[in-house]
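Right after this note come the structures.
In what follows, chain A forms one complex with chain B and a second complex with chain C.
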Partner chain A sequence: MKKNGNGTDIQIAICGSAGDGTIAAGDILKRAMSLQGYKVIAFDLYPAEIRGFGKCISRVRISSDQTYSLKPQSDILISLNDPHAIPHVGEVRDYGAVIYEDMPIARVPEGGHISAHVRPAQIPYGLSIRYISEQATSSARSRNIVVLGYLAGLLAIERDGFHQTIQEKFKTKAKAIAEQNIKAFDAGYNLARGVFRLDTVAIRPPRHAKSGGDAVMMTGNGAVVRAFLDAGIETYFGYPITPATSIMERLTVEMPKTGGRVLQTEDEISAIAATIGAGYAGARAATATSGPGLALMAEMLGLGVMAEVPSVIVVSQRGGPSTGLPTKTEQSDLNMAVFGGAGDAQRIVLAPTNVEGCYKCAGKAFEIAEKFQTPVIVLLDLYLSNRYETVIPPKRNPFAPKPQKALAALGGNGPYKRFAAKPDHISPRAIPGEEGRMHTVTGLEHNELGRPSDLPEVHMAMSHKRHEKLKGALKLRDLTLCKRFGDDGPVDVGILGWGSTFGEILEAMYAAQEEGIRCSAMKVVMLSPLPRDKVAAFCDDCREVLVPELNYEGQFASLISGELGRPVTRLSQVTGAPMRVEEILQEVRQLSAKARPKRRRKKQDMGDERASEAGLP
Partner chain B sequence: MPAPRHHVIIGSGSAGFGAATTLRARDPDCRISLVTLSSLPFYNRYDLPRIFKGCHDWRDLLPIMPAKYDELGITLRRNSRVVDVDGKAQLVLFAHNERLHYDCLLVCAGGRGYLPEILADQRHLMHDFASFEAAMKVHDALPRRGTVIMLGGDMLGIDLALNLLETGYKVTLITTPQTFWPHRVDDDTHARLIAALEDKGVRVVGGSTPVAVEEGPPNGSARRVVLQDGTEIAGDVVMPFCGLVPAVEFMLSAGVDIERGLLVRPDLRTTGENIWAAGDVCQIWSDKEKEYKFYHGWRNVRYMGELAARNMTGSDEEFKAGKDRGIWLDDDNAIQSSFWEN
Partner chain C sequence: MNEHLKPVYLEEKLDEIRADGHQDYRSKAVPTWCPGCGYYSMSEGFTMALNRLGIEPENTVVVSGIGCASRFPFFVNTYGFHTLHGRTLPVATGVKQANDALTVVAVGGDGDAFAIGGGHIPHAARRNVDITYLVFDNGIYGLTKGQASPTSALGFTTPTTPYDNCDQPLNPLMMLLSYKASWVGQAYAGRPHHLADMIAEAMAHRGFSYLHILSPCVTFDKTDMTYANLDVGVRDLTDDHDRTDLMAAVAQAEAKEAPALGVFFEETRPTLADAMAETIRRSGGQAA
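Entry: the complex of A and B
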């Protein structure tokens, strides 16, 4: 975050066991704060199991200015389950707070209470969460809401936003449920108002409070759904897989309202096949999956490329390979998204870096797929799919509707050539059933009419056409393909990033600049085809190029060094969690130290040259 | 290899903190748990009047930075209420339902402010001065140039009163038998000390016992104290300073002898095995006077903590009280007390 010195920038971590209401508490917190005009970024970590065991953590960063990632340290940790929360005490900053149950009903083993782990520089706030919940609602189930009220009271946040959010959250349930939860919230809130604050966590009124009404909290997957609907999606085919499932779940509710159809297919192969079929029939069609699903879709993707049929495939990456880490984040499907499949099957791959980007990329993907008659993959990851951010929805729908007359400019006499050679390599596309446009579509190599052909000149020409037409995507004006941030001109360190990690990269870059390091960052949204010239120009400006990413192999780094033929420094991690800003910053510091002597040497060389020109020794 | 000895210290005041650092110096490998009800690391309670001189950040009161505890390998367990000690099983039981095993237990729980029984029901109308948070609440409740009504006036209270006067507040002292506690003064000395306080600007009210504390009228001072003779005294904050009562409730089933405080031998060992005590919580046997005696004051308390730690780690020293100079007036007619000496 660019620091302004007097704004709010706090992060709350709520940690409990599955079934404790941890994620629900985080959800209410982020929505209530967003409602009051704060910028919010939130990310939940939860176990693969449904209930009873497994750790859940909801981290919510609340700020008055735009931020790009979660902070490495939280200001407050709330424990709803000590064994799970104890390992996270260390993530609370000095003079931050730890809030916990001080009257557990079960016997606690020695060292099992969180008070034994709160570091001397942290402030412990023990309260009888269960007792208060039972007093307020005759049930211990509202512990999560009690503690949320306590937090709000401690930080002196207006309670109205929370009441409103609680009512909204439980509006589909009996009225008494919302009332009980508000009672629980107020019980915690009132208790905290009498507590003397010892921590140094402060929240200030948001500067742009009035914009709070326009802002909404949205996840990456939520933004994809919103974009699909705004872009006029007509058919969706999918098979459930974490972390993409919520896209289908929400579309199942929303699409029928506008006449759309959702079909859960028997597997991912069917899903992509049906999506391509619908695209062939002229519908706006999409599917969403994760790495294992994309692996199954590889063959059909090739058909989409060969048959030049538009389709949109959202891929939310998770830890792999195989079943891997279903509920942990990773960016290890880049190679498969860009290169996966048989033959030379280049396709368009977009990788948004934030929730707003998810909206833009997912919506624009339909237009791009239709324009270039090819599959478009929108590559997310679990961190981005599930991460909440405050976004202000556009006032006007930014997406173009599906062209009504795809063949308006077709004209001409003679047989319809579906794959005719054109200067821009994009052939006139007809929808099956249009009079006079009868044609063949096949996965076999084919001639301009679509008829199978294995002639060498045909395969060479068609391969060339399929690749060349995609270069047009690099000229798209209404979508950010890549963008530079930070210092202009030559810099010591440039950070090249993609996907969700770019938030941490930006934070690290601003931190490095504050330390006096000349530093820039570039996000690359279009991974295929790669905006090579712009990326190369950026790299040319950087003495050292760092590529942080969440995979073991350094897949993006390999892509860049392969394309540009220049070395880059890799920072690759597979912890299942987002990369930490401090780790990127540390690498930037080291690279900066490495770059500086080079700069001095170069200056010295230049000085020697000048001296030489002047005839001096 | 045997597990390192686990020393548990209940209370993180001057005695407890002094004991912890001494233990660490003498036994680098031992495990030390410092248990306290406080939310904060150790600070000197005698420094709390500094709050009225602008010191509002608790970190400024700390003698060592919090990170030092980690360096010293001292586990600080704050907000932790001990509800019982099982002397046979060598377990400390917390209100949060955890049991902590000890090899050696040092009790430095100190004392809590004594309040005459007649006023016990009105505790919610009074402010204590037992912690940083409590002191800040007094500060926040006091209007500029406001008045503190002090009940009793033990030596902690007298110190606060003098600081309050220096910073522009007013103090009304209602004397009780606990005035100048823990010193015992004769009538003549008492009169001279009272005169010295009045000379400094303290309004002193004596001769009648406070029987009630009430809320003040809507447009008047926040509080009033009613005396037995019917006199009503108005002020903004009422603070009892009537001496300390040793905090020993949690030791009742520990198998140690208790009179008012924990009874200890001159080496500060209680009658329970592996249990020691130091500070305001204990009464030390005096061979000379043939009775168990309290020794209050910061210097004594700190010394006891360090001595107990030395004896817990192999020494065999006896407590030797420093010369008690009591309470007196210096050449400037200012009150001086051995209680305040450090």
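Entry: the complex of A and C
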């Protein structure tokens, strides 16, 4: 976060076991806070199993200024299940609070209660969560809502927003359920008003209260859905796979309302095949999947490239390879998205870095796919798909509708040249139903008519056409292909990032600037074709280039260093969780010291910035 | 007088063919099939069926997979999509989902349909996508020079079954009947006029229609599914066959040693487009 006076910036972590209502509590918290005009970023971790006793954590960062990622430390930890929450006590900062059950129903083994793990500098708040829930609602099921009320009371937050959110959350259920949960909330709230105040965690009134009404909570997947609808998607094909499934589920509800068609196919191969079939027939069509699904789609992507058919594929990455870690985040499908498949099958790959970016990229993907007659992959990951951010939706639909092609007078009597050579390498594209323009498209190499041909001159010319036409995408004006943040001009450390990790990168960069390190960061949204010149110019400005990403080998680092022919420093990790800001910052500090070994000493000796500059080799 | 004894004059016959109009559905490309290939009857039958039904070529899309049969779209003057091996049906489903007004015909061979693409057939059938699926079964992989296919007979010798094929062949008609395809029929390339009738009837059916076409590979199969063997092997479905009776159809399909020609099964039920319209209605929306 950019430092900006005395704003609010707190983070709450709620930890429980699957079935405790952990994620639901986090959901109510973030919606209620967003309703009051705060900026919210939230991300849940949950197990791959639906039932059982897997760990769930919901983390919510609430701030008055724009933030870009979760904080490495939480201000408050709420435990709904001590064995799961105990390992997370350490993430609570000094003078932060830990809220827990103080009346367990069964004997707790030695060291099994969280109170034994709270550190001296942390403030413990024990309450009889289960008892209060039972008193308020005759059931222990509202424990999650009781602690939420307790939290709100402790921080003295207005409860109206919570009441409203709880009403909204349970509106599809029986009326009594919402009422009971409000009772549970109030019981917790009232209790907290009577205990000693937590004045080390402050929440101030939101600064931009006005925008509160316009702002909405959205996940990356939610933004994709919204963008698809705004862009006028006509048909969608998909196969369930974590973490992309929620896109299909939401579209299945929304698309029919405007006459759209959603089909759950028998596998990912069919999903992309039907998407390409619909694209060939002129519809705005899309599919969404994760890494394993993209692997199945690879052959069809090649057909889309070869036959020059538009299609939009959203890929939300998860831990791999194979089935891997279905509910954990990773950025390890970059290579497959950019290069996967047989032959020279270059395609367009967009990787948004935040929820707003998901909206822009997913909506623009249709226009780009239609313009360049090629598959467009929008590359997300689980962290981006599932994390909530407050976004202010655009006032006006920003996406161009599908061009309504007028039937131009037919030129000549010759057969229709679907793949005719043009200066911009983009041929006219007739769709079925247009008279006199019948043609066949194929995955075989073909001539201008679309007829199979393996002549060397044909293959060379067509390969050239398919690659060159994509260069036009680098000239797109209305989409951020890459962007630089932080210090201008030459810097010691430049952080080059892509995808969801860029939030942590920005946080780390601003923190490094605070420490007096000259640094800047660049996000690269278009991974293919790569905006090579701009990335190269950025790297030329940096003494050291750091590439943090969530995969083992550093796939983006390899792409960049291969493309630019220059070394970069990799910061790669595969923990299944987002990268920690502190780790990036630590790397930046080290690179900064490497870039200017004498700087700090000189500065101390002479107290003169220019002298230190002069002292450089 | 027997019509075969009438003299045929070339010019007259050509005039007759031109006047008929079905040649307008042919493309300028010269077919790549071997002389005598059963696929010539397919392209002839298909153009005759389109002509008879009066379907405009610009409103027709032929989707095919990979194989000898799948080269078909290049030789007809309609919109065509020559896709990937085995992926004919999902692509065709996508085309139909995008635009109901199009007549969509999926074409493939036995390997394309029942080996690599076998997983897609039940789903196209159960959804009752309103497309026609023409499968040309020659019991062999012709384009890769004669390997065994899922419909190759037991004991058939090919480059990949040098010590004879020991895999039980599939019974495609039984499969399609059990998938509840809403129209199932069989034809033979050696009877081109019947084939044309059957293609026309399959295309006229509203819903997923499956036409199995026995089609000899004259180049790589000299022993099994030859014209000589099939000419004496095939029989017509009897007039008393009840095409609404699934079990009767199954009994006919099971008698594979003498393949029956005709319509095995037919039923009318909502198509995928109908289901989509119903979903749109339930959501409170209006069809686009």
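For the reader, a short list of remarks on this structure follows.
One rule holds in what follows: the second predicted complex is superposed on the first by the 585 of 617 C-alpha atoms of A that agree within 3 Å, B and C clash if a C-alpha of one lies under 4 Å from a C-alpha of the other, contacts with A are read in each partner's own complex, and residues count from 1 in each chain.
Throughout what follows, contacts are C-beta pairs under 8 Å (C-beta built on N, C-alpha and C of every residue); 3 or more make two chains touch, one makes a residue touch a chain.
Note that the structure is a prediction, hence the values are computed from the model and not measured.
Placing chain B and chain C on a common chain A by superposition gives a fit, with no clash between them. In the superposition on chain A, A:Tyr280 contacts chain C only, with no contact to chain B. Of the two partner chains, chain B is the only one that A:Ile105 touches; chain C does not reach it.
In the superposition on chain A, A:Pro124 contacts chain B only, with no contact to chain C. Of the two partner chains placed by superposition, A:Lys71 touches none, neither chain B nor chain C. Of the two partners chain B and chain C, it is C that touches the larger number of chain A residues. Once the two complexes are laid over each other on the shared chain, residue contacts for A:Arg580 go to neither chain B nor chain C.
Using the contact criterion defined above for the overlaid structures, shared-chain residue A:Lys364 touches neither chain B nor chain C, since it reaches no partner. Aligning the two complexes via chain A yields an angle of 140° at the C-alpha centre of chain A, spanning the centres of chain B and chain C, rounded to a multiple of 10. Shortest separation of chain B and chain C in the overlay equals 51 Å (C-alpha atoms, whole Å). Chain A has no residue lying at the interface with chain B in one structure and with chain C in the other. Residues of chain C touching chain A in their complex: 27-29, 56-63, 66, 73-74, 77-84, 87, 89-95, 97-99, 101-102, 119-120, 122-123, 127, 272, 276, 279-280, 282-288. Looking at the complex, you find that chain B touches chain A at residues 33, 39-41, 58-59, 65-70, 75-80, 94-101, 132-133, 136-137. Considering their complex, residues 94-95, 101-113, 115-116, 118-121, 123-126, 196, 198 of chain A touch chain B.
Every residue of chain A that touches chain C in the complex is listed here, in rising order: 234-235, 237, 253, 256-261, 263, 265-267, 269-271, 273-283, 285, 299-300, 303, 307, 415, 432-444, 451-452.
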